[in-house]
């Protein structure tokens, strides 16, 4: 299989595997180091509340509240992975469904879905992220009739809300060409209904496209979460997130480089790994797009 | 206050004698005006400092210096502060002669210009944000409602006399007259601008400085007036000497007016501002000194003197909502006071340089002449780091600790909705608060919102925020009453409420706001407030101090944790600097620069 | 023109399928939010023909002349714009639901491209079994599928293989097996061999003719390869720009075409006889766009016979340029849609040679303006 | 073409209406707080709140406010046309500020774009020509690195290195060209670089992919069969088709970036539209939020229209449809 | 008198790939004479295009192993430098391709694309080059060539585009025209036009033509010499009449007897069984043997050489000439018209 031969993609897979292990083993790291992710160590900040750098028991130093950066990075991997995967999953689910319907049904439904996607894509996303996060965080019951509370779920919803159009557009395009393929007509000629055609005939042919785009969307969404957290709109503080850690560092990066460097490197490597994986999958599953 | 700071009224580190001349440059990331710089509505302390130090003169004023001396009210435009007559309800002021408005108005300030200031306060569209201080003037309500063309309680028998009548004795009336909204407004200019904030760009000075370019204002009609060039709200505010200012009508005790001009420059990069101050490109900043800069300067004897930290008469506190479980139980509130690591909270702000740990509601400076609060700390713990044993003891007394182990076990203590801001240093306090509360069984669900939305959200009662650390309060003038308004049950509003603890909430109000009223009721201090309001002098201070103690021990609506300092770094060219206790910023009226050291 | 009942097929028996005045236009739309129609592709125009049971009707014509559209209309894969389709005596033009499902079992289609007509994500068993599944046919589906595979010359052991594991010819066999699954009476073959290598074509053609015999099938056989059509068909219909131009039994058509276009088409095909010096009728110009067909007879801009009639290579008779000729029987069983059918002695070769490309272009411009 | 453009402009109008409506809902209907409160002082009275509301126009119902907003947008207000009102926060007219801010953002985008084109296109072309070579692999690896690097992190890192550690560059903030061209330039280098690196990476990948596709096209074989020189084949035949999609991509990116440089502006303290939008949105400064949103929506729609027009100009196949 | 333009000797083009070596062309020899058309027939993948792309030097020599000789007017093009080749391409040898839709640059005007070929080889002004381009378009029978020259390829119909391609290939008066399936993508009536144009120009300009097609009939109508390829090798060569009236190789015979004819109806087609071979695992011995109805002992082990069977008619088959004649009679008899 082509994918196996792609050394970089395999390396990425290994890295992602390690990352998953890191995420799962975060409590273990906390136990070994003896530092909880939200445990405050007074002596790791100085009189001015500035964090202290790496030392023997704090390998990656401490943050402004005296918490262990290494332990928090391990926990942060959870957020990045969860957000990256779940938000992408939700986006793919919405995008595939809408794209399939738009492409297959065409006409007014297609126009409606495609235009909605266009509008969503032309929105300044962060603006709406700010608006939604603020609106949902301002009262006890959250927003959308109390169904949504700020936090990880909201972040995932916001990200999914803004990334489904990419999937929908791709899927729609693929469906448009698949719809014209003779096997669809063949299926219709033997009496298959629309649902059968959509889900039994067309959908299986989209699998590789979907896998490829999902794998390319994952790193984007990991970055998106980091951007939101960087701007103070991400997950709650008790949940360590790499974006938020870098954000915390942004005021004191010149006196606490470790606060910026380590989470940043993890974020970069993770995104890089997913991108490489996506590229590898694309090359393997879609030989036409061999580049 | 401010004993960690260098002594404030010494020279700014240079040995050159303070001299006239030079331009004093101040960097700021943002002006932050909330009333468009129109004194009628502007409610920003720093802006008040600009008016009072440099631009406008009110009937009364201050010395613009640090500490108690700076909190004493003095006559400014008025020749003297009169005694109130008619049982404390009539105040007759004589205005000094020879005080002129800056160009292009160029005429003498009269009592009509003061009276007009009050008309503006009473004009809804101007949005006088602190107009409520003048609601006790006779006829103000009628004027506001449009039922009267003039304010009955303000009369100007002649150009140099103005008489105020109040509906009840107002002990702190002279303080209220020192606020910029009451300063003289030339109606020929200000009358053109009666929408909120508009006048800010046409401000006509009566003090030693004016906005650069104000002499070019064409005042022949409202239409011909174009914003004064020296003020660009997103870039710069430049002040030059007011040629019509006659120092003889003023005193150097109040204003020395040494530099030839001021420049307040927006520079959005905080780090760059302090780099520039270090390099001598700015003299001063409005923004707080970042902890890393403070650390560097305070560790260097040569630079130490340029670092200033001054008590700002502000209290930062964690509030608890008395109408919401578990904080409807005073024992829980006490336990929270006991457990909170105030030292760690202060560290989040940058450590001791950034203020004194608060042990009661209003800063001690607001109780002039009273010693009642000296050394007062009802929840004293070692290093102010919190005391688990005492906290658990308090918690045991609460109904929410059913098994009496000192850890709250009721559902009410789970997922407590806790409001905070999403900016530094507030975000850095979140883990500390979470950690502390966790020890007594209270788990919090923290909402971090930008400053504005956080306030707005806390101010909506229906949002039922249970507690929060997004709050801080500063005085308007040196009187404890300006803090106690937060505990006046009659001030509680369904939205826009500022007393987040809801002290004094009545069952009727609760019904009106559609929230549950706690079984045990909510304590009220309304009567205490009414009593103290009428007092004057030391008795007034003692009265407020007693109320402060009562709040801390019996009502316990807050965990006050920090009296925040105003922190300043001075440039190498500053030869004289003082702190203005009134505005909580530099006393621009008393600063001086040495142009030869400027870059 | 009668539209009530389908016309009987050539040999007088009740036709299996008959179409009457069939029209299909595809809207050309434009728009951002809402699509507006700005024109139409006249894919099929006023087409009437019928096929008798057991007969093979060949349908030829150049690319884009509407052959596939006709096929899809007959298989009810497209809704006709107007006209009617009768199948086994029943009007199926607008059938839907269960009644339509019944027709679907009886009418099947074999597609041109064996690569595109099989779902690459389904195994052969699934593909051939799909009609059985959809129509809830009782019995052992696997057995039936393997039976079909054997009939069409596939190895039944390849039941679980995927299309990409087969060669082009084998794929086409899979397509045919699928079409046979429900025991249809009519199979529409839309260019079943065009995409295959020359050496494979004969295999498929032979398979189709064998199956026809075994299952007494009726074919609508579409191809642009006149040789193949001649080989398999009983009667042949020629289309040009969506219209039927000539329809008759195969030998008459090939040996004695009466429509100038048919004559040119047959003449243009390389005979492969190796005899050089055979002269062809070389038509000038291309088939005009069906989105903007010429007025009058659609063939008139390129028609050499029209020039013979007018006597001037640059001029066409008035009638050809303005009136659409209807297909009419000029001899029993021989329909031609032409105002001036070929007569013996017409020298189309010379007439065509006399025509300059410019004159075709001018005539076309005049006709579509 | 003319009708098409008009239809697209109408579509833009619709987008603006929908996007602003959404903004209204998200910022006005959903939150439970009241933006008026921030301008009503520390201890507001109900009357004062009412006055503030009146002064900000918040006393009317939300649909009414929205209607008024649209009406002013179209007919203008006391600050001229289009009516964008005044900021809640600064009480100043939004429009002049919008213009100023837009200049900063446009400076950032244009400079960045020039840079990323100058880097991305040659890298992509050369990688495609030397496909599989070490050069190709290195540049594509680098490209992937920059695609993956979070902009804010890269920004902070570059500030740390070039400003704090090496002292080569003067830090963050914006200096207008007029006041000091040198400082303007030295302040913009890092933002340009950081913005450009990401896009250069994306463009290099796109260009390379396009070029590789084009290289296998039949008409390239034709060009060779004609006996053209390799140079001419690359420069005239391959580049033309390889780069055409990039130009439309560029137009779309430029449009999206008008509101999409929030992070870069935040990191580098550039007082551009993104930064303004962020601050305004966080402070519920609705007129500013709306004004920027309108501008962004228009920019996105217009630039995508420009992309289409450019495409039609560059690709004759589209032109005649 | 023969006037040999192109002589290819034992040409081999092998592509090493991950799955194995693709022997796309494996020992091809032929000649093209001035004034003659060589028809090359074979099924898809039999190496027709690669052979002639190699002649043109359009095969990437990095990805292919090429051996043999390609003598163009006596010069071995396989040894020519890129620059020399560039001067021969377009100028001395013109080539047109199967798909006129994709073979022209979509973004340049047709006239400019033709002029470009002139400018690449002649030092003339742009204006002159354009004028000559217009003339070339006129030559291939495009109406209103002045206007047409200013249009883009997509504004041309398929037939016109192929004419324009021919104009482009012939504008510099090359000596040899290689036409790789020039009519496959076109309609029947248009195919006739194009073949006519090529044939006419060949006679008028006295050039040599190599016409590639997978249709025997097409080749039969216009070429003088014929080469039939199978799996990268020629299996039969001869004049048109030799190959068509008396095919020797079973594959050629099979092709002739399996293709239905327009001019007469045959009762039964005799299909060639099986499917084309893989070029990586070419069957041992005679590559056709798995499909050959007449295969016998040596066919699966020994590869037959191309041998002249008299009069320049050569084939590569182990069967005896007599045997072949018998087979032919048997097969072609079945194709006799039915009564």
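Chains: A, B, C, D and E, in written order; residue numbering restarts at 1 for each.
By our rule, contacts are C-beta pairs under 8 Å (C-beta built on N, C-alpha and C of every residue); 3 or more make two chains touch, one makes a residue touch a chain.
None of these values were measured; they are calculated from a predicted model.
Engineer: In the touch network of chains, how many steps separate subunit A from subunit E on the shortest route?
Structural biologist: 2
Engineer: Would you pick out the chains that touch subunit B and also touch subunit D?
Structural biologist: Touching subunit B and subunit D alike, sorted by label: A.
Engineer: Of all the chains shown, whose C-alpha centre falls nearest the centre of every protein C-alpha atom combined?
Structural biologist: Of the chains present, the most centrally placed is D.
Engineer: Can you name the chain that lies farthest from subunit E, using the mean of each chain's Cα atoms as its centre?
Structural biologist: B
Engineer: Counting in whole Å, what is the centre-to-centre distance of subunit B and subunit C, each centre being its mean C-alpha position?
Structural biologist: 89
Engineer: With chain centres defined as C-alpha means, what is the inter-centre distance between subunit C and subunit E in Å?
Structural biologist: The computed centroid separation for subunit C versus subunit E comes out at 31 Å.
Engineer: Quick check: how many Å separate the C-alpha centres of subunit D and subunit E?
Structural biologist: Distance between chain centres: 54 Å.
Engineer: Using mean C-alpha positions as chain centres, tell me how far subunit A is from subunit B in Å, no decimals.
Structural biologist: 44
Engineer: Where in subunit C do residues touch two or more other chains at once?
Structural biologist: Residues 33.
Engineer: Give me the residue numbers in subunit D that touch at least two other chains, ranges are fine.
Structural biologist: Residues 31-33, 282.
Engineer: In subunit E, what residues contact two or more other chains?
Structural biologist: Within subunit E, no residue touches at least two other chains.
Engineer: Which stretch or stretches of subunit C touch subunit A in the complex?
Structural biologist: 33-35, 72, 75, 77, 100-101, 104-105, 107-109, 111-113, 116-122, 130-131, 134-135, 175, 178, 181-182
Engineer: Spell out the part of subunit B that touches subunit D in their complex, as residue ranges.
Structural biologist: 31, 33-36, 38, 41, 43, 124-125, 127-132, 144, 195-198, 200-201, 233-234, 267-269, 271-272, 275, 422, 450-453, 455-457, 459-460, 462-463, 473, 476, 485-486, 491, 493, 495-496, 498
Engineer: Can you list the residues on subunit A that touch subunit B in the complex?
Structural biologist: Those in contact with subunit B are residues 38-40, 42, 45-50, 64-65, 67, 134, 137-140, 150, 232-233, 236-238, 248, 251-252, 254-255.
Engineer: So in the complex, the part of subunit A that touches subunit C is made up of which residues?
Structural biologist: These residues of subunit A touch subunit C: 107-108, 111, 115, 181-183, 185-192, 196, 201, 204-205, 207.
Engineer: In their shared complex, at which residues does subunit D touch subunit B?
Structural biologist: Within the complex, subunit D touches subunit B at residues 31-52, 54-56, 89-92, 97, 100, 170-174, 269, 271, 275, 282-284.
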